[in-house]
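Naming follows writing order (A, B, C and D), and every chain is counted from residue 1.
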Amino acid sequence: MSYKQQVLPIEKVFRDPVHSYIHVQHQVILDLINSREVQRLRRIHQLGTASFTFHGAEHTRFSHSLGVYEIARNICDLFERNYSIEQIGIGGWDDEERLVTLCAALLHDIGHGAYSHTFEHLFQTDHEAQTVAILTSPETEVYQILNRVEAGFPEKVASVITKEYPNPQVVQLISSQIDADRMDYLLRDAYYTGVEYGTFDLRRILRVIRPYEHGISFSMSGMHAVEDYIVSRYQMYVQVYFHPTSRGMEVGLSHLLARAKELYTKQPDYFDRSAPLLVPFFKEHFQLEDYLKLDDGVLNTYFIHWLESDDPILNDLARRFLNRKPLKSATFLSPQDDALLEALTSAVEKVGFNPTYYTATNSSFDLPYDFYRPNAKSSRTQIELQEKDGTLIELSHVSALVAALAGQSQGDHRFYFPREMIHEDHSSSYDLFHDTYMQFRAHIHNGALI
Amino acid sequence: MSYKQQVLPIEKVFRDPVHSYIHVQHQVILDLINSREVQRLRRIHQLGTASFTFHGAEHTRFSHSLGVYEIARNICDLFERNYSIEQIGIGGWDDEERLVTLCAALLHDIGHGAYSHTFEHLFQTDHEAQTVAILTSPETEVYQILNRVEAGFPEKVASVITKEYPNPQVVQLISSQIDADRMDYLLRDAYYTGVEYGTFDLRRILRVIRPYEHGISFSMSGMHAVEDYIVSRYQMYVQVYFHPTSRGMEVGLSHLLARAKELYTKQPDYFDRSAPLLVPFFKEHFQLEDYLKLDDGVLNTYFIHWLESDDPILNDLARRFLNRKPLKSATFLSPQDDALLEALTSAVEKVGFNPTYYTATNSSFDLPYDFYRPNAKSSRTQIELQEKDGTLIELSHVSALVAALAGQSQGDHRFYFPREMIHEDHSSSYDLFHDTYMQFRAHIHNGALI
Amino acid sequence: MSYKQQVLPIEKVFRDPVHSYIHVQHQVILDLINSREVQRLRRIHQLGTASFTFHGAEHTRFSHSLGVYEIARNICDLFERNYSIEQIGIGGWDDEERLVTLCAALLHDIGHGAYSHTFEHLFQTDHEAQTVAILTSPETEVYQILNRVEAGFPEKVASVITKEYPNPQVVQLISSQIDADRMDYLLRDAYYTGVEYGTFDLRRILRVIRPYEHGISFSMSGMHAVEDYIVSRYQMYVQVYFHPTSRGMEVGLSHLLARAKELYTKQPDYFDRSAPLLVPFFKEHFQLEDYLKLDDGVLNTYFIHWLESDDPILNDLARRFLNRKPLKSATFLSPQDDALLEALTSAVEKVGFNPTYYTATNSSFDLPYDFYRPNAKSSRTQIELQEKDGTLIELSHVSALVAALAGQSQGDHRFYFPREMIHEDHSSSYDLFHDTYMQFRAHIHNGALI
Amino acid sequence: MSYKQQVLPIEKVFRDPVHSYIHVQHQVILDLINSREVQRLRRIHQLGTASFTFHGAEHTRFSHSLGVYEIARNICDLFERNYSIEQIGIGGWDDEERLVTLCAALLHDIGHGAYSHTFEHLFQTDHEAQTVAILTSPETEVYQILNRVEAGFPEKVASVITKEYPNPQVVQLISSQIDADRMDYLLRDAYYTGVEYGTFDLRRILRVIRPYEHGISFSMSGMHAVEDYIVSRYQMYVQVYFHPTSRGMEVGLSHLLARAKELYTKQPDYFDRSAPLLVPFFKEHFQLEDYLKLDDGVLNTYFIHWLESDDPILNDLARRFLNRKPLKSATFLSPQDDALLEALTSAVEKVGFNPTYYTATNSSFDLPYDFYRPNAKSSRTQIELQEKDGTLIELSHVSALVAALAGQSQGDHRFYFPREMIHEDHSSSYDLFHDTYMQFRAHIHNGALI
């Protein structure tokens, strides 16, 4: 029997709090899970700095990757049983696509790095590009496993991630506005944070999903279940992912790494010793192998090393991050509001903080749902509902709730500053900076800048 | 108002998946949570290597510590409302004990270190001694906060942990066979692993717990709820805490650290550079400050550094640990069975593995419950049930289930060896070590040595 | 101690799947629960015919009433602890209102009868009027208990139900767009049906609710939790309460009772014997005592008796109801569409069904939320959010989701007819009514009339 | 296609709170669910008088029957996939047994009647005999459906229930110490009562169950899951099913029906009018058709009618039952203790209660587990665990917990009496029966007779 078709004599399972069990049936999948690149995801948290706000959310990309795989596997089973191409002809599911789908589901996040988005932004890495690199570089274990399936298979899996794979059903299962990835992370993040608003009815969605010629669609009878998923997604964004405290920690992390990168040019020896695995990134010249050595714990370890640095900003920022001292914030309406932000920034500087490392603006926005807009920068695959007679109707046409969210970015702009600006007692008029503090505070009302 | 009595104007809460919310009402508690020693617990996993078996179990001692605090707080509220010393006289609860109880609950695990038990064993640290040190050393933030409450308060909290505190109610709430610590970890570990057998009825236990003169007891009407807790505890031990795969990883970790310690004497420079924070422990001469810098991520980072070591055993063990390649095992009946273990160990050596670093015996046993035995090495506070008329009856007298478990250690002895001994294909008689492998395998039947 | 102030020495609890425990602290509440009028609610299902669609939903108004009481009790506790009139002055909570609030919460549904809405409609009873009657009639046990509290207390409780009670906080806790009643039934109905969309975050809502001068409001920080409650409510209406099959059973029930009432005038003896407790209602002349004897089981029992009736319509309708044979339905756009409905009705008549008893139109609509409209027929108390500085803002001003639902009735119009019209095989052109059936079926496409 | 093989083009589902969905795939199963005999189970509560203690437990035998079917269906799927006779030969699962298994699972409780055990005891009906009668009587819809499958099929299904069916795998799936019936009712009763101790890990049990030549067995690796199921079963018995209050209501119900039966001989006309459907049972001469007309609501309705009876005992007992006034109780050690029980009974009589209708002894015992005892009155199929090499080991050999419960009946003997004996105030020595009451009370200490 070829490696591709090698099925485990007895299904292997992993206990999972969200899906109860992850069921592994192919030797290929088991080998991928055991590869060092997938095991590395155990050391990368799913939610980055969010665990500073929701202390339960310490889960990793490893468990999320297994979860996405499990949802994809369930969908393949349902498609094969109810809507195979043999049964319903054109628009039906071709079960030959199963293995590529499962591999893409399991590996879709393989390129994520330490403190993902913050790190990427600063060091110009890109997790999708890294994913493709890991899948298609002959030195990785993942590549070697995929290549045993058949020549060209690693590239095939990569093309699903980049959305170039020809079968739109496979692409949309892995990446669309309602895909296995999003379904798992909403449920998983809700479970681990302990919030209830991320919960939607996965079982019901799995009952109404169905393939069609140009991708995946949902029975009209499941409209409210899909609608509920969109609302859950919206709630998770505004209540969890955009939480001001997590963003305050993220800003601090970004400043800390920026300071280190800045200092590296002056004290390369110090960083060669205290942060050897980061050096290739400070130098802006790294190999895939360098990238694969980083994880959240490595960065934290170097921050502990830096507590002894003689640069007062570096060690203060490291201390604030490790001991969870987030920057505070207030919302503001428009990034155009330069004068106000400048005034506040000067106040921060006046009382002694370097504004480059102690203030920031941070804008977090997301589009909970959108229909297809041909001229948009990045157009989206819209969610299609299927009537009994096969007619397709775009979701926001029949859901007032989704119509209310469609095309409306949700989120806010925030100005971040040290908590000392508002929390310490500077009320005595003998305080040197009494007036500066008072002026700063007068600009904040009901949590917003005025 | 004194610091001791300073109550937050509005209760502060933390979302928690197990208890829904953690409620903080005292400024002291909030300050303790924000101290660097407590924040450090965010970087130490609750279950060590168990997450290699149960991938969801990535939770930390930080969330557990908050949970123990929350359970203790609930019990104080219930005691104060229903069984205060004012209401029921002798044997009643004195609410003056609340703050010391809450602090001890929150801080009971503050001395835990990276990969706790493994590390302790190898480097002769001791988490309880470290806890006392952290509570009573003037340089820690925890000490400084506790000392603001009143002089001697840090030592008072420490004496609860060491069970020397005069009020047995307080001591037993924090440490007994059914205390806030165990109640939280059983529920939390069950939640995060996703198993269901750790679940018991906390709400019902909280309804039946009550103080008496010599500690805490439970209404007879709650007997079955207490019984169910004992059974859950037993199930978690045999199914989760003693899982053979986690122990296989733990053995590997222990070997890895032992190898590094061994090599340090020959290559101190290499370790000064690749593992600076571990050096004081290799030297067997460390300060509290050194201890507080370690966490799980620091060890993992150094293991990543060691992947480049030129010692083949060190880098192989590091690779096996990071990429989750556990040693395999089989049970054996008695540690006295020397001849068999020696034969197997020789076989492992014969095919090329250094048995010091690639084999081990590991015995994991626990007493799910015991009644008080005056002559036992470490006698236990037994669980007392209270009849309507105040009579106390020890739990195993009325529960056949508990009687079955009382005094009976549960667990097993296992011999660990490299998976290569049984999993690779050595069936060809041309294989150099064919006979050795076949002999080794003949000793294992139904998972046990024979 | 007066009866009013009589507190149970030990709190009494009832196990509840939704709230874990119902906590009873006053003797008055315990006595009310034990009264025959409250016990009678054990024999009246919460959701009427919905259990024909969701078979798990067999819960009763008794458990719902306890649940509403428990939520109200929780809110009183929170208000007393955080927002008492002593602490915050005007707009604060006066704990003297606790008992009237708890009684109104427990008793708000006391006037519900067998198969509530259907029965009311047909026999012109009214559950709110019955509630007031039960509370204020000297012969009821409920009245006698309330009257022991103090003279006029029964009327006081009744005035909360009728919204005439002077304290708007009390009135709104029991009856507003987000009150203890709705919060309990959404969670309870979701639990018992097994759907997940009715779940919202009760714990979080209880954390952000607060009294103000003119009623109850919610902290701005809890906006998304309130928003999520509104969405859950909407989902429960469209997916559970308006389910076409339950409405098909309800239509059948209504027809069955109407037929019996019609026949009563001709065969009074038969109904005196087969349905004695219904006779006062057939006569349109009943006493409170008659009303209190009815429950769901009484009606079902009489339907079983009627299986032997010699009226073919009565026994057929009884059989269809008992054996769950719902009428089928299709949606239509406007009740003005007379011609189409008439044509379909004639077809039903033509094949032999009396259209009075075998067809119906049924329109189910609900307003998920509305702001205050002074000129509306029945204006609603809008939901107010409170900023840090005390400013109030109406919910739909800050929530795009709620704005999308505000003032928009959700639901549909349906035409009901016997399943024989579409499900039996009448395809043979030899069938006498072949053409009629085919014409009927041609009017239905994708579940709607065309 | 024959009726037997007729599979629904699209699977039909019913929402279920315990199993999420019930999946129906065969036309036969759908027709059985829609039959009047199965629909009748909607009107019979699963737990009889237990809902007087656990108010949430209002679920019916209908939902339980669907649940048993669903578990059986899951097991058939697993057996077919992993252990089919084609794959593993002798001892494997023959999927030809699927339909008979599913029908037996769905219909195993079809013969249950109103307030099952109480009614049976008094009127010498027997639910198992009724089940067989319903399955095999040509006038029932169930028979007609089964008979369409093939001649003899109704008898085949019946023989599974009576354990005479030749394939022991099928018999044990439906009826053994760990069967689909018990698994569903433990989970369902736990869900609806809201207790947590009935919960066990169904998913894990389904993973380890496997067929063997003489029935069903469990992998040794699942030993602890099976052990946990036995403990859950034990906990549900002692905490829920044997609850003293529910038994107090059951005793009252039994007395009430006995009184009616007694009176019938004197006042047949009164009962012909007030309780027509019960008359055949009073006469001890009933047909299957009579039996099928009874349900819990019918009995309750007649109790309401009897509130107007001129027999003071009948109407008082009816009032006590409808308004939930349970008899009180105390435990006693041995039914041989005649003198004490007689003394107490006389006291009850002395203060004016007819002891036949106001006292009782009630003994509730269950064997949580037993191994096979060839000479026992009713020997049990023991639970077998399977080692990797196929060896079978009986459960209590390897589980200390199960060994502790095996063969040990759990439960108690209780003496029931009117609450007036202990709760009213008779402390005045002027009270006529003061001494009698005081003597009675002196016999009860810590809830037990002394």
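One rule holds in what follows: a residue touches a chain if its C-beta (ideal position, glycine included) is under 8 Å from a C-beta of that chain, and two chains touch if they have at least 3 such contacts.
Because the structure is a prediction, the values reported are computed rather than measured.
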Labels of chains that are neighbours to subunit A and to subunit D: B, C
Which of B-C and A-C has more C-beta pairs touching across its chains: A-C
Most distant chain from subunit D, judged by the mean position of its C-alpha atoms: A
Where subunit C and subunit D are represented by their mean Cα positions, the distance between them in whole Å: 32
Centre distance in Å when subunit A and subunit C are each reduced to the mean of their C-alpha atoms: 43
Where subunit B and subunit C are represented by their mean Cα positions, the distance between them in whole Å: 51
Interface hub residues of subunit B, defined as touching at least two other chains: 20, 195
Interface residues, subunit D side, partner subunit C - complex: 14-18, 20, 34-36, 39-40, 42-43, 51, 54-56, 58-60, 62-63, 66, 191-195, 273, 276-277, 293, 295-298, 300-302, 304-305, 307, 319, 322-324
In the complex with subunit A, residue positions of subunit C that touch it: 195-197, 199-201, 204, 220, 224-225, 227-228, 231, 234-235, 238-239, 387-389, 391, 400-401, 403-405, 408, 410, 445-447
Subunit D residues within the subunit A interface of the complex: 10-11, 13, 20-21, 82, 203, 207
